[in-house]
């Protein structure tokens, strides 16, 4: 099946992002196609490149980045959610005259149109961290 | 009276940070002394300098920065909370080899010792966004 | 007076108000803020405790923002300045998240 | 089958499980995940609905992480792979936050 | 075309959830999907008139609800039991919404390709 | 010296709350404040043995609880009603905690200079 995920939760604070990642791994292992990961609201913090995790805690940022890279997943961060939360790519950073970008290289920034597109092209869309 | 605030909530996502700011303004207006603002857990997002708010929404980041500056408030961001959430000052950014800092200039990064110190030196400590 | 109980979550969505009522003691006060103000309709019937000299408030800014007014007798609207006064009047405060 | 109801919050702290039970229909399934697995003790007595062919699951990784096991009859433990199967078996899913 | 059912379950002011859900609904409308929008649980508070979020220097998500009609979202429902439980039965509502009960919500869920609730 | 009362009200795994509270307790202990630490509501789940958060590749906040004794935090309580309500009465607990009821919790609140609950 073709599956997309909507991730609402920040890493660390609540468990939703962790569940989404494990679900995504299990879906891939079962041979399903992940059409898109859409990070919405606090979920955009999963794409924050400046986060530093203690060595003895699970670094979800690194785990997402590795999963996305290994499986060439389409990972989109909602632009409206991201701007308010300080998750910017180079283009947004320079547009809003901010001194630095903070989006992990594995993620794209785009609008809710990408979420609608995921609904259109997926058999299932599952929400995590609501 | 001498009052300190502990802020647990991110701006925008829930209302706690907004309530804390209004409470702080009211306490100052009533002549009380604010000993310290301690930003903990998701509360550290209030100090995120890269956030960009739509012009028609309330920019809590700007309101905090203005309030802190105008009243010379002591605003401390918990270091353990901040690192995991990508809120770094220059020192932390270079220590962890991150390309940029993201802490607003009005805030300091420090440990929970500053929260204990606030408990010791305040008559009241109120928690917001729990 | 002892503890100011701060209730900031909807009583329909969470058990914050119930947990508050389980711990409130004579001499304490309760203030409903944020989505906690949805409790203005619920509080009185639940609150035998109110007879024990427990005062109950609701933040007027949060009520107005939601188009609500204080319905139940015994709940007093108060503004942020009043919230600050309550914090000062009580020895400590407990935020029920 | 129609809807997979995903319950991720504690039934003691929030009304997520209640809101799920209010909407669940014959042919639907329920999966308890994250702090939702605290519902394993509660679900059966509450659930006349279970008699109507509603299957109920609890995510085994979340149970084990909390030192819990499935106590009530009629609740089946399942792992992430089983969670994926459930999502595929149902037409849609509703995450009760 | 897909059928998307949305459940507005949170109050209008206390969080970003209602705005996040409305943005999803309007985006789906732009792409001309078949939409059911149901206000239930604390979401029914979004329909109250006379909200004054300016008192919090905040924005009113409810003031954006009339946009639903402009975007052609006309299948809007409000759960009567949720209104009742909150003592809001018979109150005038900001936008017109068809009263529905739990059975009707269940059939809207059953008919949906995807469901989103916030 | 101040008297600080802490209420652990959240489960051990689902959020960062229990770790955030424990860090506060241990910091206050380092500064030698008078501490009461009460497990109640979902917080009693933190005291269950045989938790295996490695199944989630996560860290076990409960495994850090024995540190309380090292830091001299010996006023540790568990609310019996919270245990009962969750069907956990009589279960062995990870650390020794004095059983208490709501009246005792109320008096610990009344005696506190400051209260923190997560």
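We just call them A, B, C, D, E and F in the order they show up, numbering each chain from 1.
In this section, a residue touches a chain if its C-beta (ideal position, glycine included) is under 8 Å from a C-beta of that chain, and two chains touch if they have at least 3 such contacts.
Being a predicted model, the structure only gives us computed values, none of them experimental.
Enquirer: Fewest touch steps from chain C to chain F?
Expert: 1
Enquirer: From the centre of chain A, which chain's CA centre is farthest?
Expert: Most distant chain from chain A: C.
Enquirer: On a CA-centroid basis, which chain has its centre farthest from chain E's?
Expert: F
Enquirer: Where the centres are mean C-alpha positions, what is the separation of chain A from chain E, in Å?
Expert: Result: the chain centres lie 26 Å from each other.
Enquirer: Please work out the Cα centroid separation of chain A and chain B, and write it as a whole number of Å.
Expert: Each chain reduced to its C-alpha mean, chain A and chain B end up 26 Å apart.
Enquirer: Give the residues of chain C touching no fewer than two other chains, as numbers and ranges.
Expert: Residues 12-13, 15, 34-35, 61, 92-93, 95-97.
Enquirer: Scan chain B for residues touching two or more other chains and write them down.
Expert: 12-15, 22, 41, 57, 80, 124, 127, 130
Enquirer: Do you know which chain E residues sit against two or more other chains?
Expert: Correct list: 13-16, 41, 56, 58, 113-114, 117-118.
Enquirer: Would you please name all pairs of chains that touch?
Expert: Contacting pairs: A-B, A-D, A-E, A-F, B-C, B-E, B-F, C-D, C-E, C-F, D-E, D-F.
Enquirer: Could you pull out which chain A residues touch chain E in their complex?
Expert: 6, 40-41, 80-81, 111-113, 115-117, 119-120, 124-125, 127, 130
Enquirer: In the complex, go through chain D and note every residue touching chain F.
Expert: 10, 12-13, 34-35, 38, 41, 61-62, 64-68, 71
Enquirer: In their complex, what parts of chain C are in touch with chain B?
Expert: Where chain C meets chain B, its residues are 6, 8, 33-35, 61, 79-81, 83-85, 87-88, 92-93, 95-97.
Enquirer: Residues of chain A touching chain B in their complex?
Expert: Residues in contact with chain B: 10-13, 41-42, 45, 48-54, 57, 80, 83-88, 92-93, 96, 98-102.
Enquirer: With touch defined as at the start, can you tell me which chain A residues reach chain D in the complex?
Expert: Touching chain D from chain A are residues 1, 3, 8, 14-16, 19, 22-23, 25-27, 29-30, 32, 123-124, 126-130.
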